[in-house]
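Please go over the structures that come below.
Look at the two complexes coming up: chain A is in both, with chain B in one and chain C in the other.
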Partner chain A sequence: MAKSLCRIVISLLFFLPGFASALQDTIPEDSAGFRDFLVLQKEVPGLGARFFVAGTRTLDLNTPDSAYGFAQVDSGYLSPIYIDFLQAAELEGLLLSDSVPYRLDYMVLSEPASAAAAREFVAGRIRSGDYLVKTGPEDEVEDLVALASNTRYAPVEKFRLKFVSDYRLFGVTLTIVFFFLVAIIMITSMLIMKAGKNKRENLQKEYSRLIVDPLTTLLFEKDLGEIQAMDQSELDSFFPKNLMAKPLYQHELIDSIIGLNKKMKGDFKEKLKALYKKLGLDKLSVKMLHHKNWDMATMALVQINEMDLVEALPEVKKFTNSKNFHVRSMAVSTLLNLSEKVDLVFLRDQTYPLSHWQQMNYLRIIRFVSPQKDLKLGILFDSKNRSIRLFGIKLVRILGRVDMIEKLSALAGGVSDEEKIEILETYAALGAYMESAFVNECLRSENPSLSLAAAKAAAVVGDAESAEILLELVQSETVFRNKLAYLKGLYGLDAARFAEFTSSDSHPELQDIRDHILDPMLQNV
Partner chain B sequence: MYSFLFFLILEIFGLLFLVLSFSVIVFYFILMALSGLEMRDFLRKNRFADYGDIITSPIAPGVSILAPAFNEGQSIVQNAQSLLSLHYGKFEVILINDGSKDDTLEKLIRSFELEKTNYVYHPEIETKPVRGIYRSKNMSYRRLTVIDKENGGKADALNTGINIASLELLACIDVDCILSSESISRMVRPFMEETNKKVIAVGGVIGIANNCDVQDGTVTKYRIPETTLGRFQVIEYFRAFLMGRMAWARINGLMLISGAFGFFRKDLVRAVGGYFPKTVGEDMELVVRMRRYMDEQKIPHKVGFVPDPLCWTEVPESEKVLSRQRNRWMRGTIETLQLHQVLRLNPKFGILGMVSYPFWSIFEKAAPIIETAGILYTTILLIVGDFSTIYFVALLLMMYLLSLLVSSFSVLYEQIAFNHYKDKKDLRKLIWMIITEPFIVHPKVVYWGLLGHIDFVKGKGGWGSMIRTGFKKAEDKKNLQEQTTT
Partner chain C sequence: MKKILIIEDDKLISSLVQFRLKKDGYETHLVADGNEGILAIDALIPDLIITDVMMPFRSGIEIIHHAKQSQPDTPIIVLSSLGEEEQVVLEAFNLGVADFVPKPFNPNELAIRVKRILK
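The block that comes next holds the complex of A and B.
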C-alpha cells in the first residue's frame, strides 16, 4: 500500500506544470534545429511533413518505380505526408543529392502549417502531458518501458483464472478446501478410532472371558506350592502361548490379576503374586517402567506396587526424582510401600518441591506402614528441600510422634518462619508444654503470621509469660483480626486473666470481642 | 480525490475484515488443538487419582463455600441441605441473605434451628451493613453460618462472606446451582498439586440442568432442553468450557472463572480487596485483578481448570432474560478490560498481557462491533456497485464452515470425554442446532452484545469514571475502599 502511494506521489511530481515547461524549452527555435529535434523524436502524434517540388521536372518524381512517389499537381509535385520524420529526413537527403529544389511543409492534424505553428503544436502536446519528449537516442530497454507505460493495461481475460488472480478469493477458497479436508480427516479419524475402540473392546471382552476360567481354576483348585512348581507346559495349558504373545491379552491378564489382588486377601493374594511372576508379567511391568509415555511408566509403577515386586525396587528408585510429577509421586509411594526398612533418604534427597497432593498420598502409605516399620522421620529434617522438611514436621504431628519433640526443639531455632509455624502447630497438637519458651519467642516475632500461629499455640502450651506477652500484643495491636486472635489465645490459655482484662476496659470493640469469644456457638469460628 | 480516498478506505476495510476472518480461524484451530492436548492429559492424570483420600486427609485444605441468596425463599432450604451434604472433610457453608424481601431468612432460621450470635463483624473488605450472623446449636448443622445483610448485590454479598470465611479456600457459587457430591474434592486437587507455581484460583465446568433428571444433587439423566435458546446454550457451554477454557488453562491464560462455580485462595482474595461491586462482571474482574497482583509481585502463579462435570445450573430459555444476561456479560467484559488496560500488550504480564487480553479485546469485546461493521461494509459495497457476489458467498461459507467445525468439535469432544447425551435423538437435535445456530441465534447474540456496548457508553451499571480510568495497580481496589471509608 505504501509503495503504491509512493508511486502516485512520484507520478504527480512528474506531471507538475513547471517540470513540463522545462521540457518544452528543449524544442530548438531555429528551423534546422527543429528538424533535428523532430528526427530525434521520430514521430509526434498529430504532426506530419510534406515536400513540394515546383514546375515540370526531368526527374521521374511521380512514376510508379520512382523512389520519390510524388503526386503531380497543377503547379508541381507533392510528396505523401510523412509522420515518420526519420523517413522524411531520408527523402530530404535524396532531394538534396539529386539537387532538386523543394519546399518543406509541416502538417498539423493533416492541415498545412508553418514551422512556428508546428513548433507551437509540439510544445502544446508536451505541456498537456500527451507527449513525452525524447532527449537522446533510446536503447532497447527504455523503448519497451516507454511502450508499456504508454499502453493502457488490459488483462487478457482469456488466460486469467479468476480464483488465482484475486488473492482474497483465492485465500478464502483455499480455506474452504482446508475446512473440508479437516472435516474429512476428523470424521475419518473418528471413525477409525471408534472402529479401533470397538474392536479393542470386543477383544478385551473375549480375552477377559478366556482369562476368568483359568484364573479361577488356579486360585481355587491349586495351592501356592503347586502354582510355584508349575512348569511352562502346564502354564501354557491355562494361558495359551499364542495368546500370551499378544500385548492386549497380556494387558487384560495384568488388569485381571491386579483387580483380583485388590479384592482378595491372605493366601489368594500370594497365589496371584506367584502367578504374576510365573507368567513373566513382572518382567513386562519392569520393562514398561522405561516407556516414553509418562502414563505407561506410572502404570508400571502401579503394577509393581500392587504386586509387591520388591526385586524391581532398585529400578523404581531411579524414578524418585523424575521430572514428571506423577512418575516421581508413584515411585516414592512404591518405595514407601515396599521397601523393607523404609529408608527415607530417597525422599530427603528429592529436589522437586513436594506438593500437598504428594504429601497426602505419602501420608496414607506412611500411616499404613508406620506401625510395622521403624520410620526414621528425623532424616527428613536434614533435607535441603524446604517442602520435605515441612512434610517431616507435619508427619511428627499427624503420627503423634512425641519422641520427636526433642529433635524438633533442636531444629526450631534455625528454621524459616513457615517451618516455625508448622512446629508451633505440632507443639500444640502434641501438648509440648516444655516448649513454651519457643512459643513466647515466636509471639514476639515481627512476622504477623508467625505471631498469630504462636498465639494459637499459646492457648494450649503457653505459660504465664505467654499471657503477659499476649496482653501486651492486644494493647499494641491495631489490626482487628489480629487483636481477636490474641485475645482468643489469651482466653484459651488463662480464662481468668482474659475475664479480668476485658472487664477492666470498657472499650466497645473489646466488649464486642469478648462477647464473640464467649459465645458458645462461635467456638470454632 | 474524494473518490480515491473512499475507495482506498473500502480497500483497507476489505483487507482488515479478511485479516480478522483468518485470525479467527487460526485462533480457533489453535484453541481446538490446545484443548485436545489438555483434555488428553487430564484424562490420563485422572487414571491415577484417588479422590477418596482427600475427604479425610489432614493435609487437604479447608473450604468455605460462599453462596449469596436473594429472594430464594422457595428453594433455599433444599439448596442449603444439598450444600451441607457434600462429601468433604473440612468445609463450612456460608449463606449470605442479601436483603431478601421474601421469607428466605425465616425459612433458614426455622429449618436449621438458627440463633443470632455475637459474632463481631469487622470487615476487612468494605460491605453493606450486616444485620446479624446466625448459627445453629444443632451439631448436624455445625458447618452452616447464615449472614443477614442489607442488599448490595452479588459481589457485595460475596465480600461479606469472604470477611467471615475461616478456611483456606473459598468456593464462590450460585446458591441455586446443583453441585456433585464430589465437587469439592475434585476442585481442590489443582491447589494440592501445585509445586513451582502458586495456584490462585480454579474454575469448573457449568452443566445445563434444564430438562435433565436430578437426584441427590447430581444429574442422573441428561436431556437437551426443549427450546432453541436452551439448545444453543448447550453447544455454547461446550465450546466455552470444554474447548475455550481448557485451551486457555493449557497456556495459563485463563481470565475468567464462572461466578457460579469458582474456587479461590482466601488470603489472596483478601490481599486484593475482594470482589469489585461496581462492575457487573465481578467474576472476571476478580480473576484478572488477582493475576495482575501476582504478576506485579513477581510471584509465579497459575489459574487451574477442572473439566469434570461437577456443577449444573438452569440457563435462561426466554429471549428477554437471555438478552439481559448477554448484555450484562458484555458490559462486564468491557468494564474489566477498561479497568485493567495496563495489561494490554504488556510483556510484563506474560500470556495474560500479550495473548489473553488482546484476544478478549478483539474476539469477545469487539466481536459485535466488527460483525455489524461487516454488514455495513457489505451494504456499502452493494450500493457503490463494487460487490463481488462470489467473494461474499465464499467468505460467508468460510465463516459458516468454521462455526460448524468448531461446534461439531466441541460436541464430539464432549462425547469422547464424558458422553452425557446418550440418546441419539438428542444428538440429532444438537447437530441440527449446530447447522442452524449461525442463522437463527447468532444474529441475536450479536445484537444483544451491541446493546451491551451502547449501555456501557451510556454509563449503565458500571462505575463511570473509575472504570474508564482503570486501576493503576491491582491493589487499587483496596485503596479506593479505604478512601471511601475515611
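The block that comes next holds the complex of A and C.
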C-alpha cells in the first residue's frame, strides 16, 4: 500500500512540471503572442476584450453609422465587449489604420482584467479540461458540430429510417398487424355468415309454414285427376308465382313433397308425384343433377328416384360412371329402381371397382325389382371390370338364376382364380351337377384357395372322379387345415369312401379329423 | 266434440293428420315434442292421443307411460315408422296402446281407425 502511494507521488512529481511547461509552450508569454493565440482560438468561454480610446476625438467613434460603435464615457470612448477575438482583431486593425491611439482591456467573466490575469484564466480553463486549445485553423468539413449545425433536424424521418432498418422490430410489428387484420376479417366474415344463416333459417321456417296449408288442402280436397288437370292460374292460387321464383322456397317445397312422399302411402303418393311435375320441380331436379357440388347432384338423384322421374333416366345414365362414389352409387340405384328395361349395360361399362357396400345396395334393389323386370345379368360377364364380373356371378347365385349356369360354364375356363372360386360357390348353391368336370379341374389347381373352394363345391356337385382326387389330395397334403377341408369335401360327396379311407389309416391326425367331422357338435367349427 | 291430442315433431305430417281429423269433426290439438306432449295430456285431458315414438326431449314410450298413469282410460294410437325397433313396438303394445299405425301411412286409414276407437 505504502509502495503504491509512493509510486503515485513520484509520478505526480514527474508529471506536473512537465504539464506546466507544456502549458507555457501552448500559451505565449508575450502580449502580442497571447493576442495571436486568442485570435486563433476565436472564442474562449468567459473571456472577452474591450478597446478604450481616451479624450475627445475628431474621428466619429460613437455615431450610429460608425464602423466602431464605441460608447462615450467621461474620459473617452469605450467599445462593446468582444467575445470573438477575430472581430476584436479586425477592430484593432481599423483603429491602427485610422491611427487612433487605444488601450486593450481584457474582460474575465465581464470584469476588467490584466493580460496576465487573462492568460492565467485561460491556463486555468485548459488545466481543468473546460477548454480544448485549437492548434490550427478549423476544418469545417471534418467538424462534426459544424456538420450537425448544417443538417436539417428531422426527427420523424430519422425514426422512420430506424424502424425500417430494424428488421426484427419491423417483422414483429408486421406479424402483429397481420394477425389483427386476419382476426378482424374472420370475425367480420363470421358475423356476416351467421347473419346470413339466421336469415336463411328464418326464411325457411316462414316458407315451410306457408307450404303446409296449400299442400294439405290440395292433397285432401283434390283427387289425382284434378291435380293433373290444374292450370297455371289455379296452381298460382296455392303456390304464388312470386314465391315460386325464389330458390329457397322451391327447395323447401321439394323437401316437403319428398318428405311427405316417404311417409305417405296410397293415392297420396300419386298426388304428390303429379304435383311435383305440375309445379315444374322435376325440371329443377334434372337441372340440379349438373350441379358442381357432388352433394347437390346426389340430392337431385334422390329426388328423381323418390318422385319416379322416369323421363330423367337418360340424364341419370350419364352419372353411372361418375368419379364421385356417392353420385355413382345413387345413379346406379336410381336406374335399377326406375328403369323398365334394366339391361345393366351402364353397370357393365363402369370402370370403378364396386365396393361391398355398393354391391349390397345394388343387390337389395335388384332383389326387389327382379320379379317384375327382366334382368339381363349375362351382360355383366362381358365387363372389363373384374369387380363387376364377380358381382354378376354373385347375382346369379343369390337370385337363383339356374338359366345362367350355361353362360357361366362357357366362360368358366378363361377367367381368373377369384372368379372361378365365385363360380364354384354358385355351382354348389344352384346344384349344378353337370359341371363336375370344372370342379375336378379346379381341385387339381396349384392355387390352394381354388382347390379348397373346389373341395367345398365337390361335396355338393362332385362325382366319383372328384372323390378320387380328394383322396389323393388328403394323402399328399401336409397342412392340417387343408386336409380337414378335403376330408370334409369327401365326407359330403361320398360318406362310404370317407369311412373306408379313415378306418384303413390309423394315423392319429387323420383320426382326429375323422372325429371332428363326425361329431355333430363340431359340424360348423 | 271429442278431443284428440296429436304429438308429432314433423309439422307437415301433424298438419295433414289434423286437417283430416278436423274434417271428421274432431277437436284437435298439436304439440311438437315429448315435454309439451306430457303437459298437454294433463292440461287437455284428451279423448284420444296420437303419438310418434322418436321425438325431441321425451320419447313416445315415456308419453305412453305418463298417459297410462294419469289417464288410464284414454286410448293411444302410435304413429311411427316401421324402421324402428320391433322391441319398441312390442313395449308400446305391452303398455296398452289401442293401435299402431306404421309409416308410410294413409291419413284416411288413420281416420277410420280413430273413428273405430272412439265409437
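Assume the second predicted complex is superposed on the first by the 316 of 525 C-alpha atoms of A that agree within 3 Å, B and C clash if a C-alpha of one lies under 4 Å from a C-alpha of the other, contacts with A are read in each partner's own complex, and residues count from 1 in each chain.
The rule is short, and it goes like this: contacts are C-beta pairs under 8 Å (C-beta built on N, C-alpha and C of every residue); 3 or more make two chains touch, one makes a residue touch a chain.
In this text, all values refer to a predicted model and were calculated from it rather than measured experimentally.
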item	value
Partner chain in contact with A:Met360 - chain B first, chain C second, else both or neither	first
Which of chain B and chain C A:Lys262 touches, first, second, both or neither	second
Chain B versus chain C as contact partner of A:Leu219, first or second or both or neither	second
Partner chain in contact with A:Ser208 - chain B first, chain C second, else both or neither	second
Partner chain in contact with A:Leu484 - chain B first, chain C second, else both or neither	first
Partner chain(s) touched by A:Ile176 [first = chain B, second = chain C, both, neither]	first
Chain A positions touched by chain B in one structure and by chain C in the second	none
Footprint of chain A on chain C - complex, ascending	10-13, 15-16, 19-20, 23, 81, 103-109
Touching residues on chain A, where the partner in the complex is chain B	1, 162, 166, 168-169, 171-173, 175-176, 179-180, 182-183, 186, 190, 294-295, 298-299, 302, 325-326, 330, 352-357, 359-361, 363-364, 394, 398, 480-481, 484, 509, 512-513, 515-516, 518-519, 521-522, 524-525
Chain B to chain A touching residues, read off their complex	12, 14, 18, 21-22, 25, 44-45, 47-48, 50, 53-54, 57-61, 115, 117-120, 122, 124, 135-137, 142, 145, 164, 166, 189, 191-196, 388, 390-391, 394-395, 397-398, 401-402, 404-405, 408-409, 412
Residue numbers on chain A that touch chain C, as the complex places them	208, 211-213, 215-217, 219-220, 256, 259-260, 262-266, 268-269
